[in-house]
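Have a look at the structure that comes next, please.
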Amino acid sequence: MKHFKLRLAIASALAITASLVYAETTDITVGVTLEPPHLDPTGAAAGAIDSVVYANVFEGLTRFAADGSILPALAESWTVSDDGLVYTFSLHSGVKFHDGSSMDSGDVKFSLDRARADDSTNAQKALFSGIDTVEALDSTTVRVTLSAPNGAFIFNMAWGDAVIVAEETIADAKTNPVGTGPFVFTNWVQGDSITITKNTDYWGTPARLNSATFKFISDPTAAFAALMAEDVDAFPIYPAPENLPQFKADSRFQVLIGSTEGETILSTNNKMPPFDNVKVREAMSHAIDRQAIIDGAMFGLGTPIGTHFAPHNPDYVDLTGQSNYDPALAISMLADAGYPDGFKTTLKLPPPSYARRGGEIIAAQLREVGIDVEISNLEWAQWLEQVFRGYDFGLTIVSHTEPMDIGIYARPEYYFQYDSADFQQLMVDLNAATDPDARSTILKAAQQMISDDYVNGYLFQLASATVANANIVGLWHNAPTQATDLTAVYWND
Amino acid sequence: MKFLQIENLNLSIYGMGILKNVSLSAEKGEIIGVIGESGSGKSMMAFSVMDLLPTGTERSGRIALDGQDLLTKTEAQMCAIRGNDIGMIFQEPMTALNPVKTIGDQVAETVLIHGNASRNKASQIARDTLNRVGLPAEQFPLSRYPHELSGGQRQRVVIAMAIALQPKLLIADEPTTALDVTTQAQILDLLKKLVAEDGMCLMLITHDLGVVAELADHIVIMKTGEVVEAGETHALFRNMQHPYTKALFEASSHVPDKGDARAAEPAPLLEVRDAIRDYVLPRKTVFGKQGSFRAVNKVSFTLTKGENLGLVGESGCGKSTLTRAILGLEELQGGEIRINNTTVQAGTHMPRELRRKMQVVFQDPYGSFNPRHKVARLVAEPFHLLEVELNGAERRKAVEEALIEVGMQPLDADKYIHEFSGGQRQRIAIARALIIKPDLIILDEAVSALDVSIRAQILDLLADLSSRLNLSYLFISHDLSVVRSVTDRVMVMKSGEIVEYGVTEAVFTNPQHAYTKTLIAAAPSLHDALEKEND
Amino acid sequence: MSFLKSTLRNRSFMIGASFAALFIGAALLSYLWTPFDVTKLDIPHKLRKPNAVHWFGTDHFGRDIFSMIMVGARTSIAVAVVAVGIGIILGVPLGLTAAARKDSLLDEVIMRTNDLVFAFPALLIAIMITAVFGPSAINAIIAIGIFNIPVFARMTRGAALSLWTRDFVLSARVAGKTAPRISIEHILPNILNLLIVQGSIQFSLGILAEAGLSYVGLGAQPPLPSWGRMLAESQTMISFAPHLAIFPGIAIVFTVLGLNLMGDGLRDLLDPRLRQARK
Amino acid sequence: MLRYSLKRLLSLGLSLLAASAVIFLTIEIVPGDPASYMLGINAQADTVAALREELGLNVSAFERYISWVGGMLTGDFGTSYTYRTPVVDMIGDRIMISLPLAIYALSLSTLIAFPAGILAASKRGSVTDVSIMGATQVGVAIPNFWFAMLLVVVFSINLRWFSAGGFPGWDKGLIVGLKALTLPAISLALPQASILARVMRSALIDTMNEDFVRTARAKGLSKRQAMWRHALRNAMIPVLTIIGLQFSFLIAGAIIIENVFFLPGLGRLVFQSISQRDLIVVESVVMLLVFAVVIVTFIVDLTYAAVDPRLRGRS
């Protein structure tokens, strides 16, 4: 009894402190699964960097909006020459870096030239490879000349890898990033958290939060516990879909479900027998029950896809019918392809749970049609080494989270090694086309082509689930890029 | 009613009877000797008085100390009596002291625990008591730790702890068994002196008749938990009634029949010339010179065929090292050991035919055999030394013959060693030594661990085998009386050197070296004790 | 006969042995029969609570947890047994050799290498090994096995050293037997008891280590069920499907408990000192 | 005593050198390239090569070993490949969590184990003894990560007494910091305490059977007095040995437990660095942990001498 009273006393004390804090909340703690290796988005591929600094600390010429569309950012407006080769950007005036220096066309020229230089360590160097020259016409005007037309150029400039940085501060950006965004980098407790605070000198609409802390919680259990214990206020891209029903049932929380740019596919080594046989790949596609994978691995979260394209994109074509679940058909097709007794192959899985869980389910499904799959779980680094660069794999599961990345099918050296001259031509045409209708037609044809060739097993579009305190307003539902845009977030008291 | 009066004491452990109707008594200032072989219950009797028995024991009868029945005391009351009214000394001085406390603290604790004095006063008493037991302050400050003392010195500390509060009763349970003869004599003298000074009653428990005969006023002889005979020391020995007493008496002064004097073959069997054995000591400093310790220093002697040679010395004198060198188990750093004119070399270099010439019997009848093997395999182990190993029936026959030779049954070959008593094991050990018919058997303290009556039988067996098979013995012992009774010639060893070497009787009756004299004087002798009394 | 009787009377041995037998039995039985096929997924029936059909419920893929625990016992026991086997097969000869040639350079090298292995926190080496060779049951075995080698080597050396001073070994040396032969004939049989006791303890530690490695994803790989991985996978669901974590956890606890109790019991039964005292 | 320490210190140095070679060799053959990990799946080959150059990965392994060991001797552990900060700073931050956690857990286990072991030994065979020993058997058998999971469910999710993990930083105050380490320390301490209590009990019982305890009893000490004054200090020798050995297990356990409670300690750093192929961090952390184990063994050796005068005399 005594204990019970004590417990009550503690509980109420906690409640009081909690409510006191609530009264005027202008700070937020956001959970993120991965700690960034460093904070220079132009120096590594880690999405973890973008999820902290994108839009908050660093800004590019353009930026992604919550729905995936492209908005102007540091560039107020731009014009494109008729031949599609010359882009002229006019920048906002009066933009200042966090160190007080002003941002002008010189910084833009520096940033773009640096990213495409020979010794560049930019992870998405290809985004800039079409740039021929960058000229600073005056302090707020920049002219970019391309060597060939590129319909996606404005889109490319919205990537985190294309943010504008200053020459004076870039050397230290890995530990002390200096950008132009509405938040200023303040502190990094390595292994634990990063804190950013409001930029009072911001050129645009100022942020409503005074400070934000990104807490690194890689373990899904820990993420669950941290949310439940209200140690973190929001968790974008929440890693354990199995817990969502509990959050939904709890009035303290809101669960925002949206989509991401992540096409989750069963990547298939197109050069490795028997996968070099399109019949085998087709047979395999019928052995896979997408809904079971979405239910089993993602607890129902995710949209089935039949090709490598995001379903929320207006140009998406639903081709799931071409690879409907039909194990009997799969068996007979395998027999036709010369594998009546199936075959053995490897399935190499990177760490995320969609891959690990999905892999187990796919292995079980393939086993049903006679394909003996040996699973090996890999760390990312091993996956990159063995699968991505070593081509040493039969199958793997990975979510391709880059937006509009169907172009990878035009790269024969790309790890799944799809080598189709027709498809490569399609992409050349796509880049040359600036007319939206023409682009749409080409994109649809491209989707159809890779679906017909059964290049990979197309599983589902990765959903994004954000769990947050019910009083938080302004978080993104979708995840068009890896970012935690806090510019418009506030507490609804 | 005497000062200490034990009446009809019965003791059982988990229902098994250990003591049966034991009665004895003693007055203050008296020494009462309790004698018995192992298993006679004499130690249990002592622990009954202290009430320090293992769990599961039950006592009945009466133990009265100064008229108070100890059996009726509570544990708390007994704590007040122990150390205050009754002190006790144990057999094994090496383990009887707490290794992590200074001797001063441990002696003073006796005083402190009974609340008799302040801390300062207690250390003063400890100091005085240590002085009394012969550990003067200059060499033995109170801050000494037990490991810095020798066995005899530690036993003195234990005595100091027991007498610090001048108890009325002192119980000494085999207080000198673990000590060398010279030390033993000193400790016995000390006890005698303390009893006289303090007017204590001393209960001296021992297996050694010689020890009690010299010291005790009264003697109680125990066998399997019962008192078989008791009385005033000399009266008892003069007029022994019980057959066990007689047997004990006979056995402890037993001289085996050496048989006919054999024709002394001049041929030397074992020759040791200037043998030197050095042990390397651990480096004292990282780069300093490595020190060494000379365990055997220029030892020379010859053992002729058919001869029984004794080697006597106290622990640490180097006799075991010498034995191991002769057996080819350790290398010499100088000199030479030859058997039948062939040099012994340590390690596996030693040829089989050389090893076949000699065998060994060790002291501990329990540790000499691999407990996992049957007797047949144990006894047959030396067959390994034959050029062609015997198998099957031949092997079995040889084993049985060897067993019969030492007075065992052929069927014993199929048993495990734990089924035998200590004496039987020593017989089996001799059978193992005999089986490949060696010329020389080294007996390394071969009878030291045995009770006197068993020891007598084994000595007879050895004498018999020696004369029948024309065996030679190198007989190594710390026990002078045993060596005297069985050997032709004897060597006395001290600090790695042979200090005296001669015909046994001559050495014993007319020792030349001072050390030999001390040794002989220190050895408690039943006969001497009785004769002294008669004079 | 009396040994059998005292065995039956030794409570901790009997309790421990029955736990251990239960799980070893389950593991063996799983080769012939399990209530459900553990490689078959049944996603529509996922996360069922324990019921009459699925005694321990089903997991997030609809697999029968009872069956998975049976097969998981196989993995745990196989990994632990082989790891202990490696420890004994390599460690005991090393220990015997070191003891036979005490203070030699060889002894020094063996013992210092042992110290070196001891200095590495066990899991760290396992992580490093699996990082190099990839996670698998085999590598888990190697990682755990490496740690068993010095344990057995050290124990063997210690016990053998004291035996080397015993008179019966001296007799064998007088009989001209070589050190390897003495080690096999005289030393080994006399440390067998210690080996059995130590073996049962290492066995239980091996089960725990396997669970730990599987938990961090370095043990047996799917689809082979393993207790540690079952726990790891259940972790995010523990708040709404606790049976996923409770049953494998209990399986580990009971197996380890059983083996430890058995080891304690064996120690009492096989210790000649205690046996004599009991007489 | 001094000479004894020096000799131990020398062999300690040699084992550390050997350990460093083993660690470096093992980790150098780990497949995976930190540069390509950092640049991700869309990076071009020339970019990766540029980064390798920048990270100093293109010199021979031997040169890297020499500069690594040489650097460590001067307190320079190199620069993290992925974080681009000095490794020594990263370790410095992490150790402020791992070390207090280890000490907390060790103190907890000692505080539980000593009284439990002493109580069980002094009431040998009683219900108390049997229940304590039964509890320790279970404690030894429970995997600490599972225990940690159960603790989180009960105390964080249901009762919400403790946070489920994470570390707020020591700047928030000692109490706040210790509170965050409480559940991890308990889950680490449980098996340790169980083992320690068992060792304490059996060491005490063994010592109580020693001759010198009987001597003490003959002086008039009660059983209790004999235990406290004589047996306990002698029993400390095996107990100390176990504490020393346990330290290694504690570190191993901490690696897992830090992951369960997402504490930014050395254990998590090593896991994270392995998956990022941040080899130099892995090497340095493993080396540091080995160093810690060796040092603790050394300290335990010195403590023996404090407890046992026989070792003091051996100089």
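Before moving on, here are some points about what is shown:
The chains carry the letters A, B, C and D, assigned in the order they are written, with residues numbered from 1 in each.
Criterion: a residue touches a chain if its C-beta (ideal position, glycine included) is under 8 Å from a C-beta of that chain, and two chains touch if they have at least 3 such contacts.
Just so we're clear, the structure is a prediction, and the values are computed from it rather than from any experiment.
The chains in contact with chain A and with chain C alike are D.
The minimum number of touch steps linking chain B to chain D comes to 1. With chains reduced to the mean position of their C-alpha atoms, the one farthest from chain A is B.
By C-beta pair count, the most extensively touching chains are A-D. Put simply, the C-alpha centre of chain C and that of chain D have 22 angstrom between them. Taking each chain's centre as the mean of its C-alpha atoms, chain A lies 86 Å from chain B.
Inter-chain centre distance (chain B to chain C, centres taken as mean C-alpha positions): 46 Å.
As a whole-number value, the distance joining the C-alpha centres of chain A and chain D reads 39 Å. Contact of a single residue of chain B with at least two other chains is seen at no position. Within chain D, residues 31, 149, 157, 259, 274 each touch two or more of the remaining chains. Counting partners per residue, chain C has 131, 235, 238-239 as the residues that reach two or more other chains.
Every pair of chains in contact is given here: A-C, A-D, B-C, B-D, C-D. For chain D in complex with chain B, the touching residues are 3, 6-7, 10, 210-212, 214-222, 225, 229-230, 233-234, 307-310, 313. Touching chain C in their complex are the following residues of chain B: 327, 329, 348, 350, 352, 355, 358-360, 362-364, 367-373, 381-382, 384-385, 432. Here chain A touches chain D in the complex through residues 7, 10-11, 14, 35, 37-38, 44-46, 118-126, 174-175, 189-192, 215-219, 221-222, 224-226, 228-229, 231, 351, 379-382, 384-386, 388-389, 402, 415, going by the rule given at the top. Taken together, the chain D residues at the contact with chain A in this complex read 31-34, 36-44, 46-47, 50-51, 54, 82-85, 90, 93-94, 149, 152, 156-157, 159-161, 163-167, 169, 259-262, 264-265, 268-269, 272, 274-277. Those residues of chain C that touch chain A in the complex are listed here as 39-41, 43-44, 46, 60-62, 131, 134-136, 217, 221-223, 235-240.
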